[in-house]
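For reference, the structure I am asking about is given below.
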Amino acid sequence: MTVWADALIQGILLGGLYALFAAGLSLIFGIMRLVNLAHGDLIILAAFVILTIAAWLGLDPFAATLAALPIMFIVGFALQQLLLNRTLGRELLPPLLVTFGLSIIIENGLLELFSADSRRLHGGSIETASLALSPDVAMGVVPLLTLASAVAVIVALNVVFYRTALGRAFRATSDDLEIAQLMGIDHPRIFSFAMALAFVVLTIAALYLGMHANFDPTAGPERLLYAFEAVIVGGLGSFWGTLCGGIIIGVAQTTGAQLNPEWQILAGHIAFLAVLVLKPRGLFPRATD
Amino acid sequence: MALLETRGLTAFYGDFQALYGIDTVLEAGETVAIIGANGAGKSTYLKSIAGLIRGPAESVLFAGAPIGASTAAEIMKRGIALVPEGRRLFPSLTAEENLLIGRYGRDAPGPWSLERIYALFPPLKARRNSASMTLSGGEQQMVAIGRALISNPRLLLCDEISLGLAPIVVRALYAALPQIKAAGTSVILVEQDIVQAIKVSDRIYCFQEGRLSLSGRPSELSREQIHLAYFGT
Amino acid sequence: MINAEPTPTATKSGYRIETPTPESQAASVVALPFVVLLAVLPSFAARDLVEELIFVFYMVALAQCWNLLAGYAGLVSVGQQAFVGLGGYLLFALTIMAGIDPLAAIVLTGAVAAALALPTAVIVFRLRGAYFAIGTWVVAEVYRLIFAQFKQLGGGTGTSLGPDITNTVAGIEWIKSVLDVRTPAARDIVSYWAALALALGAILLVYVILRSRLGLALGAIRDAEDAAESAGVDNWRVKLTVYVIVAAATGMIGALIYLQKARISPDAAFSVLDWTAYVIVIVVIGGIGTIEGPILGTAIFYLLQRYLASFGAWYLILLGALAIAVMLYAPKGLWGYLAERYGLILFPTRRRLVIGGER
């Protein structure tokens, strides 16, 4: 019995990590209907940036991430402004294929710079710290922090979206691009801000990814898939939905792993496909879409 | 200097020509009505001024500045606000948020604050936090007008605000226009309801199949002249 | 334009639909001898060339399939590797476990792939546009993970086809006697002809589909999806048909690929890079939405691969950058640019309305 309770708890905590992966993707889908096939690779890129800063400046991962945030913000802004804004329009293929090409470039660029070796972000003693819920069930401090960060990020995103003028502009642009222009909204700039914001979120995700497991330049696509699954399961247009989606995928994975360690990833995918069949719009879709 | 001038304004939708060299003038403080049958080019005219359709810079002059080639966002910042055809409120925003977004690009000083707009359109105050799509047609039109006014534009463009609304609602909307005019905003109204248009405007232009067929003051024009200009036969 | 009186020629000779162009008629004259040349090539060409051409043929076939799906049906799949791997594993299963002749197994694979494509499509069609794309990737991953569970087929590390199977493919003995070659060369030649058949078959399949009623429906969907629906086209069914046909073809190609390689593993068989990334690069550079494009694209890709692949990661970075550049500056690809510039059409599929005797 406690084995399953443990699987559930670990799954929820893992879900926090997946929700972090997904939050950035959800933000970008929501505002500019852009599906960024390079999203997972960008998380890995961020992880390597954190790793490099930590090594150069002799910082722990958390401090290194803080230093990485403004850099990634600027990189995200530039990427959207200079490249991705040019792919947006009515056609389906350009953003898909350009981000796919970007994915290949990032993966192989990282391979050239860092080799295929597995890396890890070392947090020191915090890595093995844990809180005991009961004699048999313990929660790692890092996974708890991950979940807490995911919740914090989602609360922050909701505040931005629903309590600020910028958020109003995001929602208006996503609703009706033409009329948003009439409000004086410069949508290329808005999109660039949104992407910059998404880069900040994915950098935070990268911190916890790096502390949770090993990563290497080819680890991107798998993260993209988990992020995507969390967004679809949760329902497009809702950040809390994305958190739920992440948790569902996480729990599915840990439950599957409990049955057979080789089935972990497959269990997550099957859960996604099941939700897709039963509730195609996800669990908490936005009313208008 | 006129507040707005169009010179030889043309517009195309692909290969289809919607406007054939329109010359119009608007002085500051005036309310001008544009009448004409469906498809005459009235909406196209407003969209060209608002920047949703772009052409040669000199084809539209605002306070002397050539804006014909500017983007909609740039034009909005100069003080031209469009109430688009069909209202086009943002579904993800509440009524009040729709009003507030109107001044995202331009927060200019002037008479039109949130409170003043609620004073102009009292029904909105009670519905301020409702999702915009749950409002009635008339209420949505009020929000659309308020959204344009809140940026304190020098020129307000209204595209068929009476469309799809009951006469009693239309009368209430048009009752607001004199107040808008009194506050100093110039207005160009596109209207199919000729009676309402004539009542509130200083001058009218009539469009027919993309060309100007008539212009003048309502008091100087006869019914026959208007009929001829409108229908062409 | 509606005139007051009817044009005299219209009432006399009516109208007809024409598709051939001068260039296509010229091309069809050249095509047959060229194909014959390709067919007899193994009798005089070096083994290296034969092997390289096998690669070219199956890439052309895969590219035509992906192009039909994405360029014509608007179904941008990033998961076709699911059917390549499926085909490969089915070939191994049918030959190793059921003792079926490999060439027959290739054909059977097409049928099984089509059967599996149906439920796959029903699930994946719940997503649209770019979400559909990632959905297909998820499905491919599911296929990979499932096949990695089959210990009989080597599990996660894979397995090989023994000489008992590879040396007994139908036709090997005949080739050995007629062309006077040894068994390994004969194996390659059988694969060569199978690959050539699949490449020609894929090109022909796409051409025939586009000339058919299905093709008309596809054109309508491509131009204006909602309008097509209201004109009576059952969009869902059309897309499903194309998806299943492409799955069958891709499965057969996968079966051939792994017959020739004689060694399979889940990571290789379901590789996104080999069976999707390269294919997409080929179609994008060559020209999406045309039949000529994938052929041209494969030729370019072959040259790039041959001379630059040794640069490893830098080569892939170049490919990615090339795909991005083409998408931004020449979205119709090289063939699209040439066709527009010089008005070339070799595989005419557009139907022109010709009234009376005018053009």
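Think of it as A, B and C in the order they're written, each chain with its own count starting at 1.
As a convention for this text, contacts are C-beta pairs under 8 Å (C-beta built on N, C-alpha and C of every residue); 3 or more make two chains touch, one makes a residue touch a chain.
Keep in mind it's a predicted model, so treat the numbers as computed, not measured.
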Chain nearest the global centroid, as defined over all protein CA atoms shown: A
Chain separated most widely from subunit B, comparing mean CA positions: C
Chain pair showing more contacts of the two, A-C and A-B: A-C
Cα-centroid distance, subunit B relative to subunit C, in whole angstrom: 54
Between subunit C and subunit A, distance of the C-alpha-averaged centres to the nearest whole Å: 34
Intercentroid distance (Cα basis), subunit B paired with subunit A, Å: 44
Subunit B partner contacts - residues on subunit A that touch it in the complex: 165, 168-169, 171-172, 174-176, 178-187, 286, 288
Subunit A contact footprint on subunit C (complex, rising order): 70, 74, 76, 78, 123, 126-127, 129-131, 133-135, 137-139, 141-142, 145-146, 148-149, 272, 277, 280, 284, 288, 313-314, 316-317, 319-324, 327-328, 331
Subunit A partner contacts - residues on subunit B that touch it in the complex: 50-52, 71-73, 76-77, 81-82, 84, 88, 90-93, 97, 100-102, 104-106, 133, 147, 151
Complex contact set, residues of subunit A against subunit C: 34-35, 37, 83, 86-87, 91-98, 100-105, 107-109, 111-112, 221, 224-225, 228-229, 232, 262, 265-266, 269-270, 272-273, 276-277, 280
